[in-house]
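Provided herewith is a single structure, encoded as structure tokens, for subsequent inquiry.
So that you can tell them apart, the chains are marked A, B and C in the order they are listed, and the count of residues begins at 1 in each.
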Amino acid sequence: MSDSAAPLEHVVEALLFLATEPVSTAELAEACEASEAEVDRAIDLLGEVLSEGRRGLVLREVGGGWTLATDPAAESAARRLLAKPRTPPLTQAQAETLSIVAYLQPVSRPEIARIRGVSSESAVSTLHERGLIEESGRSRFGAVVYRTTPLFERLFGLTGLDALPDPAQFDPTPEDERELRERLLRAGEQRATT
Amino acid sequence: MSDSAAPLEHVVEALLFLATEPVSTAELAEACEASEAEVDRAIDLLGEVLSEGRRGLVLREVGGGWTLATDPAAESAARRLLAKPRTPPLTQAQAETLSIVAYLQPVSRPEIARIRGVSSESAVSTLHERGLIEESGRSRFGAVVYRTTPLFERLFGLTGLDALPDPAQFDPTPEDERELRERLLRAGEQRATT
Amino acid sequence: MQASDLDLDLDAFSGPFDLLLALVLREELSLAEVALGEIVVAYVEHLDREGDLDLEAATEFLVLIASLLELKSRLLLPAPEEDDEPLLGPEEAADELLARMLEYRRYRAAAGHLAELFGTGRRYLYRSAPPPPELRRASLDAARHVYEPASLAEALGGLLRTPPRPDTSHIRPTVSLERRLGVLRELLRRGSAFDFDDAFGSEDRLTQAVTIFALLEMHKRGEATWEQDETFGPIRVTAR
């Protein structure tokens, strides 16, 4: 063992805390530079400390490896903490992406990128992660298409999609009769070439 | 408290395990449906169990909230397991630039360059890439201004920006300052007479 | 390489650049005796050998050499007349310099403190695994009206706007000294002499000016010489 001072079960606990997937005894042994028998003993000790009801975390054996999980008793508190909608102010990229999805839905990532003139991967994933947009199938060309969610309507105080404000007052050429989608794509292409 | 069976410190430990960002006392209290005083007590209890050297995990107060981290004793095993290289230390230029951003935020590149006396482009971009600073808008003159990120507070173990020491403590004593001034003055006079 | 490590072999001094700086600052070596041009040449030659340009180091060098030049120009030029535009007196100059040094010192010291914190802080590792999705899903009940719908219409309006084509008329082709040096050397390789007007008379003024600079540089390095018998007469450039 290389981290000489620390008992092996402490190091194992730290490793399981950091790992996103279950870790096998062999992998633990290699990382700790210890034998598998030593790791087994450490796992036993740890399992005793982290058995249900003893602490907030429990040691579990799943899928051929070891992992830490939260005690089921904490579930409702976890839901209250984590299921709260996150609503920091939207960045320019997020607001643009969201407005495209809101007004054109369903709309695909490539279309969003063409209209904005830049790849919009990170704005799309943030909006998706925050539950403002969701996947709603695939386009003719096989690309995932997006639409807004009921959470979106709630956070924007909208009674429905038909309550979205008319963009006319912000429209530089409101007299243009063409369809909104076509106009946005055209403007995006022009921006891309300048 | 709603999860009647489990002691609050167990629930708090579980919440901190699940959350990917530091969680404030107020947020914990809301999620646990407990008072902040109760959460404070639970944090005290948890902090005792999770103090350095006691287990594999430690409780830390950083970036305006509470979070769990691995004990430094497990660092090398963790890097072997996750195949993660050690984060490189900051270069002198990066550390100086970061200290200017930390104390003067929001601050623009030209301001940083003025204080350091050299252009600091590459230090700014490296700090930006490493997620320690981020853009926070534009100055009156249109220059991008920077601020530090929550990751900065976490990596530097700061409870918040107000935990930075008063920079005046690094200033020379009045005697040193007077002497420095006299030396400069003498040099200037000699130059003027040559 | 840091600019301070640059090795110098000058008439008045031989050794690393930072030692030269130290001697000048301690006034053990008079700047009047040091040919700053030679330092620049040494640095440019060093860059040539090195091949790639370290921006940080180059910047540091420029700052150092610029301050030396400023110092030297003050040494060499006569003190300004009384009623000239008011320059900073020695006292004000010292104060200003002092204020700047103190400001920089403060952040340099704070940087040391931060680097220490970082050294300790980076040994703690944090969990980055996201919580299970079923715990994360935002609940509709907890959602409140926080965003303004008009912001969406506004963002969309912005996307309908097409930018005017940028005006590029002010952009002029750049002329590099390096390239002009190349052209001159090539001309001198082909014949050992040429007439400036014949070779460059049809170029624009900027190119002509930079070419003259390049000639000056070559003259200094002993690569070429030139003569002009009368003002505005033809210029004859000869290889040496």
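Descriptive notes on the structure:
Please note the rule applied: contacts are C-beta pairs under 8 Å (C-beta built on N, C-alpha and C of every residue); 3 or more make two chains touch, one makes a residue touch a chain.
Bear in mind that the values here come from a model prediction, so they are computed numbers and not experimental data.
Placing every chain at the mean of its C-alpha atoms, the farthest one from chain B is found to be C.
At the centre of the protein atoms shown, by the Cα-centroid criterion, sits B.
Centres computed as Cα averages put chain B at a distance of 32 Å from chain C. The distance from the centre of chain A to the centre of chain C, each centre being the mean of the chain's C-alpha atoms, comes to 44 Å.
Between chain A and chain B, the centres computed from C-alpha atoms are 25 Å apart. The residues of chain C that reach two or more other chains are 125, 127-129, 131, 135, listed in rising order. With touch defined as above, residues shared between interfaces to two or more other chains in chain A number as follows: 14, 17-19, 75, 78, 82.
Taken together, the chain C residues at the contact with chain A in this complex read 125, 127-129, 131, 135-140, 142-163, 165-166. Those residues of chain C lying in contact with chain B across their complex are 27, 55-56, 59-60, 63, 71, 74-75, 79, 90-91, 93-95, 97-98, 100-115, 117-131, 135. Those residues of chain A that touch chain B in the complex are listed here as 2-3, 5-6, 9-15, 17-19, 23, 27-28, 30-33, 49, 53, 55-57, 68, 70-71, 73-78, 80-82.
On the side of chain B, the complex with chain C involves touching residues 17-20, 58, 60, 67-70, 72, 74-75, 78, 86-87, 89-90, 92-93, 95-96, 98-100, 102-103, 115-119, 121-122, 154-158, 164-165, 167-168, 170-172, 177, 180-181, 184-185, 187-192, 194.
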